[in-house]
Each structure stands twice: as C-alpha cells, then as structure tokens.
C-alpha cells in the first residue's frame, strides 16, 4: 500500500458518514410511509367506530362528535359476551392441547434416542406441507361419525393430537439447551420424565410462550373451522363467525361493524403487545435454524 | 442426527406415552386423511344419501368444469403475484430495519399488527376502504386525479385481495428476514468494504447469498399460504348468491363440499391442490440444491 | 328478519300448540333466513336433522329429490277439508305425483315500495296501477340527484335487487313477454331476443340514467339503499315490512308496473317439511297441521313479515290492518291476481348463482351485456342438465 491512502480513507469515511445519514433519512421516510399503510386500516377502524351512524360517510379522520354508542349498540345487536366466551373456550383448549402434545413430542425428538427417530421426525415434518383442506372432508366425516357436529369439540380436539409446526418449533428450542444438562441429570439418577419436567420444560419457556400465542391466535382467528362445524347459530359460534354474519345482517351500518371488528381484534393485539418479544423470537426460530 | 438419552426399562412406556398423541395425529390426521380424501374423491356422496361409486368421474369432470378451471387460474395468478410481492417487500422492510435505526421495535410492532389480527375483522375494514363511491381509497386517489375504481368487482377483486394478503403477510416475512440478516457477521461487511463492496454490491455479493436459506424458507411458506388463501376471499369477494369475484381453489372446495355437499368433487379438488403444492415443493428443493448457500 | 322477534312469535305458537296437544313437546330454533340454510345443512350432514323444518319453495325440489323428506299425503288424506281455505297457487310448488312432501305456511308477493317523503319533495304523484315500466324509468330518473354537489349521487330513483330474480327482473321479463326458463326446466331462456330487450332496459337505468345504483354502490348502503334512505323506490316482498316499519321516513306500497305483455309479479312461498327419518312423524304432522291451521296462521300473521296461506286470515283485519305498519296491505293480496310463481326446480341454488352473480359485472359496467349472457346461459343450462 502507498502513502496517500490515509487521506483517501478520511475522505471516504466522511462521505460514508454523509451517505449513511442520507440513507438513514431515506429509510425513515420509507418506513414511515409503510407504517402508515400498515396501521392506516386500524386507525380508520377506530375512527369510524367512534362516529355517529349519521356521520358514517364523512371522510374526516377525527370523529365529530365522538360517540361510544356504537359499542353499546353492538351488545344489543349480538350476544357478544356469549361469542367471546365461545371463542375463548375454543382458543384456550386448543392452546393447552398444542402446548402439551407438542412439548411431549418435541422433547422425544430432541433428547431421547429411540429407533426410527429420524424417519418419524421427517415424516412429521413433511406434513407441514399438507394443505389443511385435504383433512377437511375426512375430519368432518370422522366427527360426524362421532356425533360431534354442531359442538365445539371438533374445533379444539385436533389440537390434542399434536402438530408438525409446534413440535418442530419446540424441538429446535430444546436442541439449543446444552445436552450436558440432561446428561448430568441422568448421572444423578433422574428419570426421563424428571428430565423433561424439571430440566427442559422450565428452560423452554420462551418457545412455549411463542407456541402458545401461535395456537391461540390461530384458533381465535379461524374462520373455516367454525363455519363448517358449528351451525351458524349465534349462541354457539365464535366471534370471528359472528362478525362475518354481522357483515351480512347489518351491512351498511359501518360504524357498528367497525366497533365489532375492533372488539374482535383487540384481545389478540393486546396479547401480542404483551408477549411480542417471545412471539417474534418464535417466528425467527422457525425460519432461520434448520 | 445427534446423540440422545437412551430410555431404560419401564421408561420405554413413558416414551410411548409422550409420542402417542403425535403418532395418532400422524396416522389418522395426516396419513388417514390423505387416504380417506382419495377414497372419497372416487365417490358421489352428499353426506345425506348413501355414497355411490364414481371412479375417476370426479377428476375427469374437473377438466370441463368452468368454475374449477377459473378457480385454478385465479389461484395460480394469485400465487404469482403474492409470493414475489411478499418476499420482495418484506425483505426490503427487513433491510431498512437492519440499519439499526432508532425506534426499531416500534416499527417492528407496527408492521406486525396485521399478521396477528383476524382476517375477518380486518377484511371488514378493507371492504369499507375499497368501497366504490364512499370508500377511503378511491377518495384518496381522487386527489391525484385517478377516477374511482371498483376494487372488489370482478375485474379487480383478485388484485385487491392480493394487496390485502401481502399486507397481512409482511410481518412474518420481515421477522424471518431480519433474523437472517442479523445472523450475518459484521466482519463480512468490513472485509467486503475493503474490496469496494458497499451499497448495492454489498447487498448483491454478501447479503443476498447469505440469506438464501431465509428466502428459501419464506418462498415455501408463502407458496403454501398462497394456495390456501381463503379468509380474505370469503370476506371481501363473496357475492350475493354465495359465489366469489375471485374464487380460489380453497373457496371452490369449501363451496362444493360445504355449500352444495358434493364431497366427491370437493375431495378431488383437494387432491389436485395437494399435488400442486407437492410438485412446487419438489421444484423448490431442486432449486435449493443449486441456489441456496449454507455455511 | 330479526331472529329474536321471530323466536318470540314461534314460542307463542308452540305454547298454543302445547295447550292443544299436551302430550307433544316442541323445541324451536330460529335463525335468520340467510344463515338458516347453512345451519340446516350442517344439522343434516351431521346426522341430526330436526323433525319439522322450514323450506323455501325454490329449494324444495333439491331437498325433495334427495329423498330425505316425508310424504305427507297419508296424513292429508286423513284430514278432510285440509286445503279448503288455502290459496291454491301456493300449493302447486309442493305437489308431486305421489303427494305433498311439504306444505306452504305463508307466501310473499312482490310489490313496488316508495319513499313518500322523496315524492312529496319532488312534488311528484305517488306510483299507482296506471304505471308502466317506461313511467317507472322516467320517474326514477327524475328522482335521482346529487344533493350536495360532490359528484356522488346521494339519492337514487329506484333500487331493486339485481342479483336475484324474485324482486324485480322476473316480473320485468314476464311483463315484456319474455321467459326465465322453459316449462320443463331444461333450458334457460334469459338469452332470447325478448329477454335481451329487458336486460337492455335495466342496463340503461343502471348505466345511462344512473337512477339505479350499481351493485358495488348498493353494497356500500348495506345492499338496501331504500332502507338506508338513499333511494325513492324499491321492489320487495312483504318480508321487509317489519324492518321498514322502523324507518324514520314515510313510505307505502303500490302495484307493480305493467308492460307490453301485461302486469306480472312473482309469488313465492315458505313452507314446512318433515324429515323422512323423523322418530315422531305423527307428532311432527300435528305441529305442521297446527301451524297451517287457523290458530297458527293467526299468530304467524301477527309477526308481520308474510302473508298467511289461509284466505280467511289474509282477508281479515289481522293481516290488512297491522298496527305496526299502517300501509296498504291489500296491495299484496291484489298482487295474487297477476302473480306467477317463482320458478322452482332442482339445482336452483347453483343456477341462481351462475345467473345472478354472473350478471353483476354487467351492472357494475365491467362486462358487456350480450357476451356475458352468451357465456352464462350455457353454463346455467349445464346445471339444469345434471
């Protein structure tokens, strides 16, 4: 290398810095613009839900006057409390089922040495590619045979027979826990179940939390399942289906519909805000490591 | 695979217990379902009267079924727009966020909101935004002199739901790419900058090759999602008599199976859908061997 | 239709039924008309059909041909005078060669609804029996306006349902000498030259006069711009009366307009059927008999959403002088004189979707009328051929 280099370097660092600043500003502008598109529909939802029905076609963003009457109207029009309870029941049971069975299987695939482990794991993994629609008709027929159509059971029971995605997610996480811990516990005479319950489960809390949110969200937002299994009956169906029924029955009453939409997205958004770190880690985990 | 603990004596029963639910799911939920769907696809069955044997009639009739062919075309067009759209945009957002800007977690939360929200609820707002005369979007476009567009009519419904679906999928894509980007060691860029690899060149020769695993993963996931698009189609494009302005394959399966109770036709379509996904996945894995870089 | 209100009436009917038949217990479930069909199919597919359930005449052939409904003929034979008081043309839809697999419980004739306030404001006379389809178009155009001058029409002249034949276009076709479907239900006649004239008449109102909102615009007003106070006229059956009774403007009904081929409207009935596998067919029949009998019909009429099938009740003050909706209910009965039954045939649901949904792009000005008809008519015939 020759002498002028130091000078060239200082010049380039300053121009790199200027470039970096310009780039940052451009990035901010792009990100802000994008954010507007991402939250815009939510803001419009809130804004419309606070307008008087007579003002529903007003394009002003700030409602004038602000009213909460749409929310009280909501509870008059639909058995909203009932729908929320139904949605909660199904979502919670699904979450419990997934956590339990996926943790059990994930632990086996990550920690225990047993015959055909690799083969079984690959078989399970390949079912991720299976479109859920292919199980739709057989499951329907199975539950019909069991006499469970019209009950909530078909909506949460399948969560208790495991799931490829959840098992994969938890297995990946279990693998990041140093295997020496299990070995040490084994030398101390711990049984398989003790290793599972006392060593692995407590350490896997972030992954369990991520899976819990995934399952809860999936069940809460599911449309096709309740549409097929529950007669479109406001006493038994979920909030999601109730809302889509609302769309046909009260269409044109945009202020009330937006209030309904907001009430139904709020629980999941709150859950997400509380646990977003774990949730995002969970997704990143499923996508990067193989 | 790596080593593991060997179960001793009675512990083998615990192993069986732990694996039992998953194996039931694998056996009945997956394998059984596939077999059952194949069998049902060979029957004429409305679930009410006893089934009759149809042979391959449910498949051959698909070839002349204009509604099915339309659903096929729409599903393919949907995927062709949705998969690249989601990947390019979410990669762009991840790249912007990876500049270690102030407020990163706030942006991340904002971009993620649509992903966690119920498609039905969000679909309602979009149907309101997409309104022909009173909708927000046409109102905003009128300021730049664009004449009102019938977003959810038969001409545009497909592209309108592609937009909403991409909007809803950016969050997941962004997080996966962000994790991939953050896993690239800084030294690579430092070393690269000495060789003049900055800006576009750094992206082209350092970033892009190193995140091919993430891109590969995202491509598979979004393709599978594209072929399963249902919720926004149901909420945004359903017509008064129960058809759709942009009927995807899944919508067609739903309508045949659970509106008209033609289980045979619905199952045959589900099998076609599964085969398409299988074929694409095989293509991707073939491409993976040629294009994806693992370190 | 509001389910809770309907449930209250049905519970009253059931109570009266219980009083008359102390050894039979009935459990009622009510849902709104749109979701009812999904619910019924799920119950059926789930293997737990109800004993007695409601039926829409156009869907009856599909259900009947599946062999899942009970033939009521033996019971009817054992009940002399059963049909004496029932409007005969409500019965035809349920008749099969070997008897009745369902009985009508009420019916709907379609008439012209108009917003009195809008007519008063424009100082135009209300619609009457002298109206023709040309007059309808002319007045609709006169009543269409952009009130606040923002380039968006705020008041439409006329807002019929365009996706379904029942409320508007079947009547318009018949009045112009065109037909919906061949007599043997094997051929869709909507592409014939005479029918095309009517389609062009409708297209002119939607796309040239802009006096009829496009389906996309109509959707923004909840699919019923008349109820939203955005349209001066609409066509509908009696089922909207309870909902419209709560509107905050004055409205009434008038006969359908007449065309070159005369005056026509559509009549359609809802009925009751009994599941073939019902474990208590005798009890189920007792309930059906009660519901189409004097006492059941009286109660049903009080509900206010339909016209009773019993002549004596329809012509009584129970129907003609409804407290909640002081309009000219006689118009609905008079419409029977010029009404034709809404066509009923197997495959109706799919056929209606191909035609109704298929024409929507035309009304939205996205597709050409003639080429669309050339495409959907053969597709509809394919369904009829199955």
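Order of writing sets the labels: A, B and C. Residues in every chain begin at 1.
Heads up, the rule we're going with is that a residue touches a chain if its C-beta (ideal position, glycine included) is under 8 Å from a C-beta of that chain, and two chains touch if they have at least 3 such contacts.
Everything numeric here is computed off the predicted structure, so don't read it as measured data.
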Task: Touch-based graph of the chains, sorted into line, ring, star, complete or other - done: complete
Open item on the list: Comparing the two chain pairs, does A-B have more C-beta contacts than A-C, or is it the other way round?
Closed with: A-B
TODO: Please report how many Å separate the Cα centroid of chain B from that of chain C, as a whole number.
DONE: 40
Open item on the list: I'd like the Å distance between the centres of chain A and chain C, where a centre is the mean of that chain's Cα atoms.
Closed with: 43
Open item on the list: Can you compute the centre-to-centre distance for chain A and chain B, using the mean CA position of each chain? Integer Å is fine.
Closed with: 15
Open item on the list: Residues of chain C that contact two or more other chains, please.
Closed with: 38, 45, 219-220, 223
- [ ] Specify, in ascending order, the residues of chain B that touch 2 or more different other chains.
- [x] 47, 134, 258
Task: Multi-partner residues of chain A (at least 2 other chains) - done: 140, 144, 227-228
Open item on the list: Which residues of chain B touch chain C once you look at their complex with the stated criterion?
Closed with: 46-49, 66, 131-135, 150, 152-155, 239-243, 258-261
Open item on the list: Going by the contact rule set out above, which residues of chain A touch chain C in the complex?
Closed with: 140, 144, 147, 149-150, 227-234, 245, 248-253
Task: List of chain C residues in touch with chain B within their complex - done: 38, 41, 44-45, 66-68, 152-153, 161, 163-164, 214-217, 219-220, 223, 349-350, 352-354, 356-357, 360-361, 364, 366-367, 379
Open item on the list: Touching residues of chain C toward chain A in the complex: what are they?
Closed with: 3, 29, 31-32, 34-35, 38-39, 42-43, 45-48, 219-224, 228
- [ ] Can you check the complex and tell me which residues of chain A touch chain B?
- [x] 16, 19, 23-24, 27-28, 30-31, 34-35, 37-39, 41-42, 44-45, 48, 57, 59, 100-102, 104-105, 107-108, 110-114, 117-118, 120-121, 123-124, 127-142, 144, 158, 160-163, 167, 175, 179, 182-183, 186, 191-193, 195-196, 217, 220-221, 223-224, 227-228, 240-241, 243-244, 247, 254, 257-258, 260-262, 264-265, 268-269, 271-273, 276, 280, 283-285, 287-288, 290
